[in-house]
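We call the chains A, B, C and D, going by the order they appear; numbering starts again at 1 in every chain.
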Amino acid sequence: MTHMRNLLAASTALCAGAVHAADLEVTHWWTSGGEAAAVAELARALDANPDHSWVDGAIAGGGGTARPIVVSRIIGGDPMGAFQFNHGRQAEELIEAGLLRDMTHVAEAEGWADIVNPPSLLEACTVDGRIYCAPVNIHSWQWLWLSNAAFEAAGVDVPTNWDEYTAAADALRAADIQPLALGAQPWQSSGLFNVLMATLAGPEVLTQIYGEGDSELAAGEEMARVFQAAAAARDMARGSNVQDWNQATNLVITDAAGGQIMGDWAQGEFAVAGETAGADYTCLPGLGVRDVISTGGDAFYFPETGDAEIEAAQDALAAILLAPDTQVAFNLKKGSLPIRGDVDLAAANDCMKKGLEILAAGSTMPDVNMLNTEDTNNQLNDLFVQFFQDDGITPEAAQETFVSIVRRKD
Amino acid sequence: MAHARPNPLFRNLMAKLAAIPMILTAMVVFVGGTAWTVTYSFTNSKLLPREKFVGLQQYERLWETERWMVSIENLMIYGICSMVLSLLIGFVLAALMDQKIRFENTFRTIILYPFALSFIVTGLVWQWILNPEFGIQGIVRGMGWVGFTFDPLYNAQIVIFGILIAGLWQGTGLVMVLMLAGLRGIDQEIWKAARVDGIPMWKTYLFIVIPMMRPVFITTLVIIASGIVKLYDLVVAQTSGGPGIASEVPAKYVYDYMFSGQNLGQGFAASTMMLLAVLIVVIPWAYLEFGGKKRV
Amino acid sequence: MHITDPSISIRNLKLSFGAVEVLKDLDLDVAQGEFVVLLGSSGCGKSTLLNCIAGLLDVSDGQIFIGGRNVTWEEPSRRGIGMVFQSYALYPQMTVEANLSFGLKNAGLPRDEIARKVAEAARILQIEPLLKRKPAALSGGQRQRVAIGRALVRDVDVFLFDEPLSNLDAKLRAGLRVEIKQLHQTLSNTMIYVTHDQVEAMTLADRIAIMKGGQVLQFDTPHEIYARPSCLYVAEFIGSPSMNFIDGAVAEGIFAAPVGDIALEGYDFAGPPGTGPARLGIRPEHIASGPEAEAMPVRLETVVELVEPLGSDTLVRVGVQGQSLWVRMDGQAVVQPGQALQVGFAPARAHLFDKATEARL
Amino acid sequence: MSEPASLSATAAGADAVAPALSGPRGPRPRKRLSRANIIVYGTLIVVSLYYLLPLYVMVVTSLKGMPEIRLGNIFAPPMEITFEPWVKAWSEACTGLNCDGLSRGFWNSVRITVPSVVLSIAIASVNGYALANWRFKGADVFFTILIFGAFIPYQVMLYPIVILLREMGLYGTLGGLVIVHSIFGMPILTLLFRNYFTSLPEELFKAARVDGAGFWGIYFRIMLPMSLPIFVVAMILQVTGIWNDFLFGVVYTKPDIYPMTVQLNNIVNSVQGVKEYNVNMAATLLTGLVPLVIYFVSGKLFVRGIAAGAVKG
C-alpha cells in the first residue's frame, strides 16, 4: 500500500512542473534534517491523490521568521493553503477574525473526537465548539539527552536523573567535555527553564503559574529552588558557543558535550546521524525525576481562500494528516509521538517507546504554548536567555523579573 | 484688459503631476503609516491590529523592560562609534587616496566592495571570523599563544563592538567614496595657498578642507544615520541579539515583539519611540537645510 | 520721455521671496528697437528684473507687457523673447547646430525653415565652421556667439542679455561689445542688457536704468546720466574714477564748505534753490589744474598727495584743508607728491545733492 | 638624470665662480621611498588586507570540503580544491522539500530587480528634477517628510503596507513588490538626484525654457543626457539594495517569486545536522555576485556620480 503510494507520488512529482488542478501551498518552518524528512512524508501522502499537489513553502529560521510571513499573507488577502503553527494560543486572533477555515466537517467525518489522544490536543484546536486545526504530532519538552561516550570518557556512569547528571558535571569538565549543551537562541533557554520547573517543582506548579497567573506561587520557595537549579544548569552550560538547537544536539551526538535538555525533536537528529538509542545515547524523559511529558505539538491551520478547489485540497490534507499511515511515517521521522493511540509504532526506538508509555499512562501536562500567549513567552525568552548567558544575574533577581512577567500576563 | 491671475494651483502643473508619486509616498506611506503606527501603539493589539485602546500602558511597559533599555544603550554606543569612526576612517582613507597614489582604482575597489554585500552576508562572515574556536582567536591560540582571547561575539560586555567591526567593514567604503568625491571638489588652489603659507597638511585638512566639505558631511551623515537607526539584519545574522540580550537593538525589539511576540501594540510603541527620536534629529536639520534659504 | 508705442512695459512690478522684497513697485517702458541697459551693483535686482521679463520668475504683483500683449503669466517661450546668459548655457550634449535649432524644433517649425534660420544666424555671427562641434570644443568667445545665435534664430522682437560678457577676458569683451552694438544696429530689435560694467552700459545703451535695492533710480540716456545724475548714488556710481564730494551747506546761492565758500554761479538748480546741508560733487575730469585753473570761477590752492600715471591721463590726488580731491590731468603732465598745485572748476559742471534725501538740488 | 658625481663636479665648478649661488639646482631628485609614501602605501595595504580578509575566507572556505573545515583553520588555503559546495549551493541545497538550491531564486531576483530598479530610478529622478528646478509651494515639506522616511525602520511599515497593497489589489504580486522597492528607495535617491540637478547650471534650465521646452522636454532632452554619472550611482545603490533585500521579498510575495536571498536564508538557516559552512559561503558568494560584478565594472563612474550628487548640499 505504502509502496503504491510512493509510486504515485513519484509520478505526480514528475509532472509537478505543470499547472495542477489544486496546488496547495503549505508554509512551515521544518527545515532541519529530521524535520525535512518528516514533512516529505506529508507531501508524499497528499501528492498520492492525483487531484492535489503539495507546494512546499518552507521558511527557514523558525517561527519568528515564518510567522510574520504567514500573518501578512493572510491579512494581505493572499493566503497560503495551509500553514503550520504550534497549537495553542498563537492562532487565536486569526480565528476570531474569521480568517481561518472551520474544519469541523472534516473532523466529524474522520471522527477526530474519538481518535485524538490526549483530547487536550483537539481542545487546543477548538474555539467556540468549532475545530480549526489539525494536530499532527505530540511534542514534549521534558527530555534529557545524554551521550554515552562522553560519560565513558569522563569515567562516570551515564546518569539516570538530573541530580546524578549535575554531580557528574565536574568530571565532564575535567575530561574537557562540555557538561550541558545549550544553544544561544532565546527559546532554548526558556524551554530549559520550563523543563526544570515542570520536573523539579512539578507540572501542577507550572500549570498554576502559567495557567492561572499565580504570582505568589511564582515568588515562592519552590520556585526559588528551581531558580537555583537553573543557576547550576547555567554553570554547566557555560562555554557552549553554538546558536541553533541542533548544533547543540550535534555536540551531544559528537560526544563533545555530555547532554542537552531539549524536546523530543532532538531525536530526529540522532536518527539522521545514525545513532541508536540506548547504545550511543540515553534519553531521560522528565529528566529522570518524574515521568511526565507535555503534550504540545504542531498543528496545521487552513486559511479561508474562497476557492473551492483549494478547499477540497485543504479537506484532503486535513484528513490525511491524521490518517494512521501518515501518523506513523511522519512521527517516526520527526521523532515525535502520534496524536492517536491506535497506531502501531513497532518501528519506534527506545526513547519513543518511553514516551508512548508515559502517554498511555496519562501522565501528561499541557504545553507552555497552550497556557501562555506568545507575548508572555517572548518576555520569558528575554529573561532566560539573559539569565543563562550572563553570570552576573543572580537567581533571586531573575525570579523577581519572572514574578513581574507572571503578574502582567493575560 | 489685464489677464486674470491664473489659479496658483495650476502653475507648474506638470511638475506637480510628476511629483504625485513622491507626494503620495510622503503623505500616504510615511505620514499615513506613521500615524497608523502611532495610533495603534495606544492599543493592546496582539497578532492583528485592533482598536482596543489602553492609553499609555504599552509605553509604561516598554520603559520598564530591561531589553528595551539595553537596546537603546546599544544603539547609542553603536551609533556614536559608527558615526565617528566611519567618518574618521572614511575621511582618512579618502585623504590617503587623494595623495595622487598609484593603483588608486584597485585600492578603492577593495575598500568599496563590501558595500555590495548585504548585511546578512556581512554578519555571517564576521560571525565566523570572530568565532573563538576556528576564527581569529583559534588561529592565534593555534600558533602557540594559548592565553590569547578575542571573542567579542561571545562576551556580553563588548559584543556591540564585534558588530561594529562588521558594520564598519561594510559601510566605510561608501563613506570613503563620498569623502573622496568631496575632496576632489576642493579647489586645488587651496592646497597651493596652504603650501605657500607653510601650513602643515593636517592643519589644512582640519581647519580649511573639512569646513569646506560641509555639504558632503551632511549627505554622508544622513546616509550613515539612516542606516544606524535601521540596524537589524547585521545583528540578526551575527549574534541574534546574544549573548543573552547583550546585543539587542531597537529595530529588533520592534520586530520581535510585533511578530514573534505577537504583541503589535508593544512593537508599535517601541517604533513610535524610535520615530520620535528620529524626528528630534531630522526636523532641526531639515529646517536648517531647506527652511532658511531660497534660491533666486 | 513718453513712449507712444512701447515694446516692453512694466507696471507696478513687485517680487518678494518671503519677507524679502527684491523688486519694489517697479515701472519701466522700453521703446521699440531701443537698447536699454539695466545697470547696478550686485544684488540690486537687475538680473531678477530680467528673469521676470523673461518669465523665468513668477512675479508677486504687477504686469508685464511685451509688444502690447500682457505676458505676465505667459510661458517664457511664448513671450517673443530670446535670451543670452552669462554662462552661455549651451546644451553640452548637443552640437552647435542642435543648440541653435532646439528652440525652433520645440516651436514645431518645418525642417527646412529651421535649416534656413540656423544658416542665417550662423552667417551673421560667423560661426558656420563651428556648427558640427560640441560646446566643449569651443572657446569662450565662440560659445557666447553661439549663445547669441540661439537668441537670434528665434526671430523675436526682444533680446534679453544677462551679463553676457562677464565671463570673458577684457580683450574679447571689448570685441564682442562692439559686435553686439553692430548687431543691434543691423537688427534694430529691442534689447535689454544687464551688466554691472558701466563702460558696457555707456557704450551700448540708448538708455540706462540704474537700479538699487529693487528700484530704478534713474532711467535716461547715457549722456544725461553722466551729466545730470538724479541722485547721489547715481553720481557716485557712474564715472571712473568716481566723482569728488565736498560736504557743506547751501544757502542763498553759496555753498559753504571747510575749503571755503563756493559761489554757485551758473549752476542749473533742479528746483527752487533751498537751504541746508548738502554735498557738492565734481568729476575729476572737470577739475582743471595749473594755468587752466586760472580761468575757472572756483579756485583752490592744494598740495599733491599721490600720482597715478595711466598713460593717456594722469590721476592726481590733491589735498586741501583736510579734503582730498581726485584730478584728471593730461598724460604728459609732470607732478610730484608734495608739490603745490592750483586747481579750479566751474560750478556749472558741479552737482549738488541734498545731504538728507540724496536727491539732486 | 645626471649622475650624482657629475652633478657635484658641476656644482663645485660653479661654487668657484659664484659662491653666493650655491645649493641645489636642477630637478629635485625623486625619492621613491619617502617616509610619507611608506606611511600612505603601508596604511592602504594594511587596510586593504582588513577589507579583503572576509572575501578571502569566503572564497577559501567555499572551496574546501567539510572534513577539511573541521580541522579548524579558516585562513588556510584549501589543500584540495572542490567545487562541490558551489554546485550544491546553486542547484542541490534543500529547504524543506525543495532541493534546487539558489538557481530558482536567481531568475526571480532578476525579475524583481530589473523593474524595481527602473521604476524607482525613474520616479526618484523626476522627483529630484521637480524639486531642483520646478520648486512649487510645499515641495520642501514633502521632501523633508521623504527624508524622514529614510529613517523609518522597515519593520514599522510592514503591516500598513500589507493593508495598502491589499487595497490596491497588488498584494503578493511582482508589481506590488516593485512598488514597495520604489517607495523605500525614494528618499535617498531623491536626495541624490535633487542634489545633482541643483548642481547643474540653472541657466541651462532657463535657456531651455526660453527655447520653449516644457517639463518633460527639459527632463528628457537637457537633463537626462547630462546625468549619466548620477544614474550610475542610483543604479548601483538600487541594484545592491534590491538584490540584497530579504524582508520585502519574503513578506510581500509568495514562494514562486521568492528572490534569491530568501533561498540564501533558507540554505544558511536550514541546518541539517552540522552547518555546511562551505555550502553557506558558496551560496553567499553566489548571491553577492551580481552586485559585486556591477561594482567592479562601474566603480569609476560610481565615484564620479557620487561626486556630482553629494558634493552640493
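Convention: a contact is a pair of C-beta atoms (placed from the backbone, for glycine too) under 8 Å apart; a residue touches a chain by one contact, two chains touch by 3 or more.
Owing to the predicted nature of the structure, the values given are computational and were not obtained by experimental measurement.
**Q** Quick check: which two chains are joined by the most contacting C-beta pairs?
**A** Top-ranked chain pair by contact count is B-D.
**Q** Taking the mean of all protein CA atoms as the centre, name the chain whose own CA mean is closest to it.
**A** Measuring from the global C-alpha mean, the nearest chain centre belongs to B.
**Q** Using mean Cα positions as chain centres, tell me which chain lies farthest from chain A.
**A** Measuring from the centre of chain A, the most distant chain centre belongs to C.
**Q** Using the average of all C-alpha atoms in each chain as its centre, how far is it in Å between chain C and chain D?
**A** 53
**Q** In whole angstrom, what separates the CA-based centres of chain A and chain B?
**A** Their C-alpha centroids are separated by 38 Å.
**Q** Please work out the Cα centroid separation of chain B and chain D, and write it as a whole number of Å.
**A** Chain centres of chain B and chain D, defined by C-alpha means, are spaced 16 Å apart.
**Q** In chain B, what residues contact two or more other chains?
**A** Correct list: 11, 133, 255, 258.
**Q** Which positions in chain A are in touch with at least two other chains?
**A** Chain A, residues with two or more chain partners: 68, 75.
**Q** Touching two or more other chains, which residues of chain D qualify?
**A** If we look for residues of chain D contacting two or more partner chains, we find 158-159, 265, 268.
**Q** So in the complex, which bits of chain A are touching chain B?
**A** Interface residues on the chain A side: 63-64, 67-68, 71, 75, 90, 92-94, 97, 184-186, 241, 243, 373-375, 377-379, 382, 385-390, 401, 408.
**Q** Show me the residue ranges of chain B that touch chain A in the complex, using the header's touch definition.
**A** Going by the criterion above, the answer is residues 46-48, 50, 61, 65-67, 131-133, 154, 156, 239-246, 255-263, 266.
**Q** Would you mind writing out the residues of chain D in touch with chain B in their complex?
**A** Residues 36, 40-41, 43-44, 47-48, 50-55, 57-58, 61, 72-75, 123, 126-127, 129-131, 134-137, 139-140, 142-161, 164, 182-183, 186-188, 190-191, 195, 202, 214-216, 240, 244-246, 261, 264-265, 268, 277, 280-281, 284, 287-288, 291-292, 294-296, 299-300, 302-304, 306-308, 310-313.
**Q** Considering only the defined contacts, which chain C positions touch chain D in the complex?
**A** Residue positions touching the partner: 51, 54-56, 75-78, 81-83, 85-93, 102-103, 106-107, 150, 154, 162.
**Q** Which residues of chain A touch chain D in the complex?
**A** Interface residues on chain A, with respect to chain D: 25, 28, 30-33, 36, 39-40, 43, 54-61, 65, 68-69, 72-73, 75-78, 80, 244, 246-247, 250, 269, 272-273.
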